[in-house]
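Per-chain residue numbering starts at 1, and chain names A, B, C, D, E and F are given in the order in which the chains are listed.
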Amino acid sequence: MSVITMRFLASAMAPGLDRTVSGGTVMKWIDEAGYACASGWARRHCLTVYASGVRFHHPIGLHHLVEVEARLAYTGHTGMNIAVEVRSGDVKGGRMLKTTECLMVFVAVDDTGEHMPVDAWKPGTPGEMALARAVRTQLEAYRTPQFA
Amino acid sequence: MSVITMRFLASAMAPGLDRTVSGGTVMKWIDEAGYACASGWARRHCLTVYASGVRFHHPIGLHHLVEVEARLAYTGHTGMNIAVEVRSGDVKGGRMLKTTECLMVFVAVDDTGEHMPVDAWKPGTPGEMALARAVRTQLEAYRTPQFA
Amino acid sequence: MSVITMRFLASAMAPGLDRTVSGGTVMKWIDEAGYACASGWARRHCLTVYASGVRFHHPIGLHHLVEVEARLAYTGHTGMNIAVEVRSGDVKGGRMLKTTECLMVFVAVDDTGEHMPVDAWKPGTPGEMALARAVRTQLEAYRTPQFA
Amino acid sequence: MSVITMRFLASAMAPGLDRTVSGGTVMKWIDEAGYACASGWARRHCLTVYASGVRFHHPIGLHHLVEVEARLAYTGHTGMNIAVEVRSGDVKGGRMLKTTECLMVFVAVDDTGEHMPVDAWKPGTPGEMALARAVRTQLEAYRTPQFA
Amino acid sequence: MSVITMRFLASAMAPGLDRTVSGGTVMKWIDEAGYACASGWARRHCLTVYASGVRFHHPIGLHHLVEVEARLAYTGHTGMNIAVEVRSGDVKGGRMLKTTECLMVFVAVDDTGEHMPVDAWKPGTPGEMALARAVRTQLEAYRTPQFA
Amino acid sequence: MSVITMRFLASAMAPGLDRTVSGGTVMKWIDEAGYACASGWARRHCLTVYASGVRFHHPIGLHHLVEVEARLAYTGHTGMNIAVEVRSGDVKGGRMLKTTECLMVFVAVDDTGEHMPVDAWKPGTPGEMALARAVRTQLEAYRTPQFA
């Protein structure tokens, strides 16, 4: 399975929430959905190695239902490149809006932390192929510049 | 929408988990999914008034992906009767098993706690009508005996 | 010892509490008190196998002192049938009210999860004998109907 | 009521516990029991102003049942002097041992944080009078030396 | 103050930690340090609008002391561009290693969520000027490609 | 290193915080900083054996930046005597005030809980020598009286 959608109440996953969820809490949810997608594909424990392009469009409120969709875009030898989208809306009947998006890279590891090969993901539909191209282009752009 | 499925990692929702999730933690998840189903239907804040028939078939492990499905069975004037089923399996590729099931009753309330009427749910398919009958029968049986 | 009363501040056990404690959090407390009662009797680790008749009479507030009393009603070969009552009131001097009640069944297990026999509990006083009868009647009623 | 005993499972109050409870977590429990004792006596919100003589005799384990007993020793105009004792033992049938003890001072406050007078506590039994004397002596000894 | 270093035990900030801290938890810490840096400079509440280049070099263990250093790189009209570096090592005397790095953008907001202007940060030393240039180059590279 | 300063946001370390941090939560933070100081000096796991003179001068608010400074005062054979000072102020630019102070004693232990010798700390500056004298005097005064 190359895509998984987590779904939960903001208040259940962020006890003690004041009024809106902090950016850091949203990043934690993104990482958990990406992990579920990566380790479900690899059938192994995985580690986060990279996250980028985390854009926060709208705040997430106390009473929001949250959906975090993680979608495998393309695979390398041991790495899995995953696009994550967060949507949320008031659980009492509100419309779901895209609140955050992000790209992530995970690697599969064995019990000693060694990187392990993963099955290749073959995009089949035009949409899957377009996603693979877009994510590859963006991740390569992110990686080129060197931070001092 | 009369059915909602929450999905999350056991480890994300129960930090500090030892080896398997306690029955009480599963009941907390059931209540949250039931609340999302009820308040999504009523478009109001809801309160839990009753839970029964909580059967624990299998333990839920640390690395499990958890699905909690809450399904509106039938409505009264202010009450919503909801059947909840919990499934879980190893996020690293395991098969999902039914781990827990439960019936719950919620009421919609306004800001002062007053019970508020809710739209009637009209089961349409044979499956929905059978669920409504089964849940009604079971809840009535649960309510008859009086506890000393 | 066949009865145990847990006592704590709602705010200490449910950090991040908004105004009243959710039904799910109360069910988590009920499970913990039931577990303490069962494992104290069995002198072994125990698992929750069933909960029923969870009635929520009053909400529990942020500043409430909470008492959760779990009382062994009768025992089977490996199972312990326990009645739980929750009372709460403002810690700043309020009267304690019954807020929730519940019946639970626990089994004793060894390290591999095998069910283990437990000592029989012999109700001695008229009150204990009445409780055993009432709980047995109610649990049997709960178990009869089959959910779809 | 001049004495209150909190009772809970270590694992429920300290989720994520490794093997034994940290000293800081025990101090948090002591403060909560002292707060319940003070605010129950004052029938107001209270603030911790002083803690001393926190002695850790035994570690508290993951499976321990914990009792924290807070006992009003003597009162001043706005202050309440409270002796706290922590006992714990394996919930699966272990003997309760005294694990920690402590003295605390709380003041009652109104909504603006102003100190408010409290009813005087009159020790009646020889044990209560001895406790009042012992706590007063010890707190005065603690307060005399100046740090730096 | 244009730089702030948070310091804490991994076990205190991530209760229930298994063996190593998840990438998502590290991202939550990075966001908190970035928030403290941004809101300390702006003297207002701030919101996370962007994070990028989150590279995970080494895992962070249960017994690690963690340092999260957030450094203002350059300011726009309402935005603050911040470089964050995470270092960690065994609290029992281990050497601190760089474990994660990241770039973040925050905006200052008023009570209604409106973006508010912030004082300009004027890099003074050669190191500060080099950081400003490097972060600006990298953030621009990150922003150019469009996802999907 | 004989001194360590922890630094974090109150809201990050006390999720679910209402308006001000409870005294018990501050004591938990003090214990963590003392532990980091002790185990960093001993290069071993340490246990809290004593805390005293915990004075609460000012409350700590929801938006406060918190600094907890733990400073080795003098060492015995296996014990480390540590002075802790807590400062806090609004992260949005407020001045840091001393909010709490405390003395603590830790011992180094091996894996079986046996006390282990620690390197002696030799105060070098006049300030260090004055601190050692003041803490020793105060701890001795605290220990003399016997409770009950």
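By our rule, contacts are C-beta pairs under 8 Å (C-beta built on N, C-alpha and C of every residue); 3 or more make two chains touch, one makes a residue touch a chain.
Predicted model only: the values in this text are computed from it and were never measured.
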For B-C, which listed pair, E-F, A-E or C-D, repeats its interface with over half of the contact pairs the same? A-E
Can you check which chain pair, A-E or C-D, has more C-beta pairs in contact? A-E
Angle, in degrees to the nearest 5, of the Cα rotation that carries subunit B onto subunit F: 180
Same or different: do the copies subunit E and subunit F touch each other through matching residue numbers, with over half of them shared? same
Whole-Å gap separating subunit A and subunit B, where each centre is the average of the chain's CA atoms: 27
Suppose each chain is reduced to the average of its Cα coordinates; what separation in Å results between subunit B and subunit E? 40
Just how far, in Å, is the C-alpha centre of subunit F from the one of subunit D? 20
Specify, in ascending order, the residues of subunit A that touch 2 or more different other chains. 15-16, 29, 32, 35
Can you name the residues of subunit E that touch subunit A in the complex? 22-25, 27-32, 35, 47-56, 59, 83, 101, 103, 113, 130-131, 134-135, 137-138, 141-142, 144-148
The subunit E residues in contact with subunit F across the complex are 4-9, 12-13, 29, 32, 35-36, 39-40, 42-45, 65, 91-93
